[in-house]
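Note that the chains take the letters A, B, C and D in the order they are written out, and that residue 1 is the start of every chain.
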Amino acid sequence: MRPFLSHPFDDDKLKEECGVFGVIGVADAANFVALGMHALQHRGQEAGGIVTYDPETGFNSARRFGYVRDNFTKAGVMATLPGEIGIGHVRYSTAGSKGATAIRDVQPFFGEFSMGGCALAHNGNITNAAALRRELIERGSIFQSSSDSECIIHLMARSIQKNIPERMKDALRRVEGAFSVVAMTRTKLIGVRDALGVRPLVLGKLGDGAWCLSSETCGLDIIGAEFVREIEPGEMVVIDANGVESFHPFEPAKSRFCIFEHVYFSRPDSILGGRSVYETRHAIGVELAREAPVEADLVCPVPDSGTPAAIGFAAESGIPYGMGIIRNQYMGRTFIEPTEQIRNMGVRLKLNVNRALVRGKRVILVDDSVVRGTTSRKIKDMILDAGAAEVHFRIASPPTAWPCFYGVDTPERAKLLAATMSEDEMREWIGVDSLKFISLDGLYRAVGEANGRDPKAPRYCDACFSGEYPVAPSDMIEKGFEMKAAE
Amino acid sequence: MRPFLSHPFDDDKLKEECGVFGVIGVADAANFVALGMHALQHRGQEAGGIVTYDPETGFNSARRFGYVRDNFTKAGVMATLPGEIGIGHVRYSTAGSKGATAIRDVQPFFGEFSMGGCALAHNGNITNAAALRRELIERGSIFQSSSDSECIIHLMARSIQKNIPERMKDALRRVEGAFSVVAMTRTKLIGVRDALGVRPLVLGKLGDGAWCLSSETCGLDIIGAEFVREIEPGEMVVIDANGVESFHPFEPAKSRFCIFEHVYFSRPDSILGGRSVYETRHAIGVELAREAPVEADLVCPVPDSGTPAAIGFAAESGIPYGMGIIRNQYMGRTFIEPTEQIRNMGVRLKLNVNRALVRGKRVILVDDSVVRGTTSRKIKDMILDAGAAEVHFRIASPPTAWPCFYGVDTPERAKLLAATMSEDEMREWIGVDSLKFISLDGLYRAVGEANGRDPKAPRYCDACFSGEYPVAPSDMIEKGFEMKAAE
Amino acid sequence: MRPFLSHPFDDDKLKEECGVFGVIGVADAANFVALGMHALQHRGQEAGGIVTYDPETGFNSARRFGYVRDNFTKAGVMATLPGEIGIGHVRYSTAGSKGATAIRDVQPFFGEFSMGGCALAHNGNITNAAALRRELIERGSIFQSSSDSECIIHLMARSIQKNIPERMKDALRRVEGAFSVVAMTRTKLIGVRDALGVRPLVLGKLGDGAWCLSSETCGLDIIGAEFVREIEPGEMVVIDANGVESFHPFEPAKSRFCIFEHVYFSRPDSILGGRSVYETRHAIGVELAREAPVEADLVCPVPDSGTPAAIGFAAESGIPYGMGIIRNQYMGRTFIEPTEQIRNMGVRLKLNVNRALVRGKRVILVDDSVVRGTTSRKIKDMILDAGAAEVHFRIASPPTAWPCFYGVDTPERAKLLAATMSEDEMREWIGVDSLKFISLDGLYRAVGEANGRDPKAPRYCDACFSGEYPVAPSDMIEKGFEMKAAE
Amino acid sequence: MRPFLSHPFDDDKLKEECGVFGVIGVADAANFVALGMHALQHRGQEAGGIVTYDPETGFNSARRFGYVRDNFTKAGVMATLPGEIGIGHVRYSTAGSKGATAIRDVQPFFGEFSMGGCALAHNGNITNAAALRRELIERGSIFQSSSDSECIIHLMARSIQKNIPERMKDALRRVEGAFSVVAMTRTKLIGVRDALGVRPLVLGKLGDGAWCLSSETCGLDIIGAEFVREIEPGEMVVIDANGVESFHPFEPAKSRFCIFEHVYFSRPDSILGGRSVYETRHAIGVELAREAPVEADLVCPVPDSGTPAAIGFAAESGIPYGMGIIRNQYMGRTFIEPTEQIRNMGVRLKLNVNRALVRGKRVILVDDSVVRGTTSRKIKDMILDAGAAEVHFRIASPPTAWPCFYGVDTPERAKLLAATMSEDEMREWIGVDSLKFISLDGLYRAVGEANGRDPKAPRYCDACFSGEYPVAPSDMIEKGFEMKAAE
């Protein structure tokens, strides 16, 4: 009887690594931060941290493994986080840093400078972090974590600027990669997006003189804040009692927002680029039904992320929509693997087939993506065991063939099914009657680009599908990662 | 900052009080029991208990508050439950028994008789428990809990029969009410349903010579057991190495299965009376669309329990189906209530409106039932705040006007909205453009009775809608509960 | 690296199994009970329980493994124990009942009778418990624990007397063995000692109208209560708002108090039979110095229980007293056994030799008793390793050659060193220059019997030394225990 | 019912702030470190930390609040600390740094330099830490704790030396105050004492090629290590596979070991300056009996620290020695304060008077020191309540009139009884028949200086008695502390 890890989400998914949230101008700021983090929990479930500032007790922080709801709801914890300004972070910790000391890697990070303290949390990934770290250690900085984000704090500590926002500009100009930063001083809340705006960050207003920053708009909804606008790519906002000031410290660049935020990462009730994520996914389903129609009796989502696209697919195709797969809503993180006999029960602990519904039917399963493909195979087995006549997979994203280096946990390239197989080989390997992915152009259309993708100047970062990395991942290249040859 | 209770399920629902599971003939029986209980977790989330028997260490038990996944997955706990036979119980504990000693009330209960031990768990409610308890105490029995189920064990202890199944027959013949019992001795697994068969209980086969009993078929699916048949109303099965033996110890009666199991309690992927619960709920939605059509732009489920009926309603009406309300899947049991300003955030912590989808639309909300109506009001507010043009409620059950005394936690009658208001008054109070409940006949049609309800001999227990109690609740009548006058 | 159990007290000691405490007439009775139990913690360290009664919430209880200070000091636990009357129990749980369900065996036990509830805790051992249990189960009683004490509650439940004190008399008249009982109803605090008065129980007064019962006077001191008197052998006191009423329900018998309470069990600051335990132990040391003098340079106690006798020995012999062995006061229950190399470190974790003090000296070690002798050997090794010239053991009790059946955890007879070896063989086996035990007559003199022990009618129970059991241990005899042949 | 803090040791004592331990060359080094820390637990009970290095997993650390026995005995914790080299630290955390983030202040501290990592723990206090910290922050160092010790790591990070021992010399030459440092790299164990040698540090040998460093020799005894020698004042030892190398990086100075280590801090079984601490304390008692004799019937120690001096006093005076005060060995850190009525029970929870022994007697109480005097008053009350005829206090140290700045937690000067009262005023305030302190010369004689204290060149740091600080406490002087005028 040994325990095994069974994520509430399929292990066979890309993992967003972070969500950030900040608020200024409210009593008990930590409560608002906790609520915002709770709304952003889908962006990182392993750990979370909150820092607040209170004139009497100074900066306080709490960092914990586990869900926001289990940690930042305890009176004992929240009482240690007084103040009217605070920031928070939820995190998916990658395998590498797990273990006894990993709590050190939980953000926000904090540094005490001569002009006061600064706490900082970040969503994204710094692609030259290894080189920066080497250089900083050489000069006497002591790192407390293995996180790339800590570089920013050390670069700030060594800046000769006289105030914290200027030091942050100094530091972030040295940094490559994708980042949406939320930071705070004793009196200011700061938000920054990298020049390409790869990761989201939005500004909200919460009554009179109170503001918040959140990775997604669902973080505003939960506390009843009004959605003001997205922070622009390359913008830094500095918010204090006098309101919001905007800066553009980086060299201008064309925006390259992550298209996978639309496909999977963001919550369906969030607004991205002026549209509901739900509607975009619905539109992907519609597009997919047009691109890859098939005769069938039932359109089933692979719960829960495939649901909006499945509804769209059903609506467009006229094939009835139904819940052929039921998710156990009490699934937690771990379960016992009792015996060899039921070793492969992982999926069944989380999902069960609605046998009576699928029996004898030709079933279209709509899923958001295929990463390693192992889950697709298991789900296909379950559906066939229940007596389905045919199984057709329709995937709401193009084949995932390249790893992400901008803040998403992807398997190494060799483990991505689409990196080594053609669509037909994948169909064969998964063992279904048909398998179709939406085209890259179709995806662009669904997110609102009527003409599809402009290969000269794509509007999104779609490196995981195209292999075209908008920022060269220098640490990875140094380690030997081979980029796609320019065409 | 005080914590408040916020159930993952709406507080404004009826609560099933129990699920039972048992297995015999497998190594590490406790693991199978835990998996079965996990699949039945929707029937009771407050606590769970497992008893196993092992020739070397005897009977062992573990009883815990909280989810199965959090308790019965720990190697330390499971190692204390060796053996090839075991039973388990999940429980929704009613408010009355909460507190320091309530772990005593967590089943299974255990009694050591001169011919050996017996553990027993039960789903339902014994309606003459108070009278039995009084009588047993008078004669020197010592009760360890406040649970009605403990009466059964004491009645067995005092029986003069020479073996445990016979003692159980003796005891259960003294008992009134609804009960599905799973029990075990050192060598036998026993299952019993009351004469009316109010609560479900099914038999499964797990390979060669291993058997299981479960409240629902989803408990069989999770361990890969084959669904053999339902235990019949009034039947007792005694299972051991020689197989399954069947008895009918009670006076024959016409079956009166709980119709609310179809509406809400059972999991959509379970099979009841030969049909998938999902399909029944879908059929309820279809029936409801016929009975109470309305012009609108969008059919939205109130997640998650309203979903199958909403899909049916949309399919029948031709109005597009969409997820206008998004559920936060990380919602746990408790959250901090931060300030007055967001005091009524309970619903928003769990649910958020998909604003972009509902804005400007005439929305039909499909929910499974209305109990006190408080949630319906909050959801209506959320939908209107998001800019919906109209809100129409369609309810997949008739008005809930009478409390249940057969194992479901219902508010007292005065708190049931439908006990004090007409449908129109309810519509007014909730504040929606229209509110319609499915008719009792319509519900019977949806569960497969082509001619609707036979008022002379209804096939189901529908007391919560009709006030016609198939077994007089004698303890409650003694306490002053007034029954509906016979017509 | 496997953990091993290392008791704060030497495993090579007899273990007292219980201490009891009760109070009536004070606000927050549970606090007083906790304090009393804390003072009695030396009588049982494995677990403790408290029951209180409050008119509003009824009887409440909390039972926990571990120290009083760690459990019954938490606001969360104490808040569940309201009321002005309460009883408590500390327990040394014997190996047999440890494991998953043993919390059931933690007293007080509780029974609800038709005239109200009764909670009961007991120090001692019922020597016909197995026979009583068999008979009660035969008649339909359900036992919840493996404890002998639960018999009393079931006997009471079956009594036809109309009030609880009378039922208790009925029950206790059926019981054989040694018991000091503390019990409570909604309005009464009850204390009883068996006819021989084997275990102690004292009455205290706490201001106006408040009373308490305690195993030892140190339980009175801690709450500032006045020591009124010992409960007499065979006496039952019933205390309520009207004061203390005294009954003598048993057949009169000559008192046989446990002499080992003087030697080891009781705390040195308690008063027993009108004398301080410390003074009695000092007198034992004096007597031992007279009986078994030896030329030496230093008298060392084996800490902590040998200390008073060592001081007495030094005072009488004129040999300097010194702390040759230092006890680590931070020793807890468990420690890691790191490697083979230091496997036998058990004693050194708890004790260290004061090398500079003992080097080159002839050392007299004074210990309270020798049970299996293993510790004596290790301590001798430590002292010799540190360079002592000679080691002489002086033991403040006669050879322990017989097990106790009256509430003390003793190894089976074959494991008692003195059951199988002569004094000289023991000296050889331990490996010391001399080994002397106080004589049984000497011990009687030290506890105040000027003429030593009267073999016809000894005033104490000294069965562990003499093999003369004042009550035949009938359960044990049934299991095959062979009594010493009458002379 | 609110909890209050009740230390196992009297709050009215000076607190040693730290103990350090290190080992190299053994499998499972963490186990040895934990044992060493357990033996040094009296030097700090609030928290402890261990760092180990293992080639496979690198540096690992665990830092916890609470006792060593409760944290560093758990298999789960110890398994995270593999390797053959490790250091540990026990800590008494001062009130200022308690709270949510204080675990950051628990040593050892760790820094990753370009040539590898270094962990460091320290006993003592850096008296120019505030100035160093200011300077380091100005240049871009980021502090993770409020501990003075972290300065050393940052100074090392900024050194331009090429190896860690040289960097440590650089750093420690910048540091003022008292420090005994234990540090480790991947291959070396390092120990350093400041030039005056204020805090102790000893070297031990553990079989072939394994070495350890410990604050006291009792840390060597527990693991069976051989005591090699004390690290000299101003010495640095660097230990690796090649053995022990010795350096003297600081300007030579006359040694000034802390005399209070003899009086109270060190464990009685440790060897300091070639003598057992027990013997020194015994000698203090002898000296005190000569300096301040009094007619009496009983010499009682105030347990446990006054015991050796009391034995010495009794031996010299010829007055019988006895345990008039019994300590409750189950006292933990906290207890409930139940009601006003027993508010001042703090002392009685820990101590009880042996009434029968002291009644009617003239009692001499021997204690190690008087700090604020509050405990002395309570103990006097207890003894008189028990019926003592006279109470005489004899104190085994001179009046404590000045705070310590070298690693001991002392109240501010105004709270030291001896800073504001004469000996006679103190006697009056405590309310005893006589009160006498040993003279400073007497104390020097007892620790082995036949001629007493040489006022020109005292051999010990006795600033707490004399106000003569061997190192000017520069941070404190900057904050306004007024030094004693030079004579």
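Following the convention adopted for this analysis, contacts are C-beta pairs under 8 Å (C-beta built on N, C-alpha and C of every residue); 3 or more make two chains touch, one makes a residue touch a chain.
Being a predicted model, the structure only gives us computed values, none of them experimental.
Think of each touching pair as a link: the shortest run of links from chain A to chain C has 2 of them. With respect to chain A, maximal separation of chain centres occurs for C (centres as means of Cα atoms). Chain A and chain D have centres, each the mean of its CA atoms, that are 50 Å apart.
Rounded to whole angstrom, the centroid-to-centroid distance between chain C and chain D, based on C-alpha atoms, equals 37 Å. Centres computed as Cα averages put chain B at a distance of 62 Å from chain D. Across the assembly, chain C contributes no residue in contact with two or more other chains. The chain pairs satisfying the stated touch condition come to A-B, A-D, B-C, C-D. Remark: chain B residues 57, 60-62, 80-81, 99-101, 111-114, 134, 137-144, 153-154, 157-158 touch chain C in the complex.
Those residues of chain A lying in contact with chain B across their complex are 1-3, 8, 27-28, 31-32, 34-35, 38-39, 41-42, 45, 67-70, 72-75, 78-79, 207, 218, 221-224, 267-269, 271, 275-276, 278-279, 282, 304, 307-308, 311, 315, 320-323, 326, 328-332, 334-336, 338-339, 341-342, 345, 348-349, 352-357.
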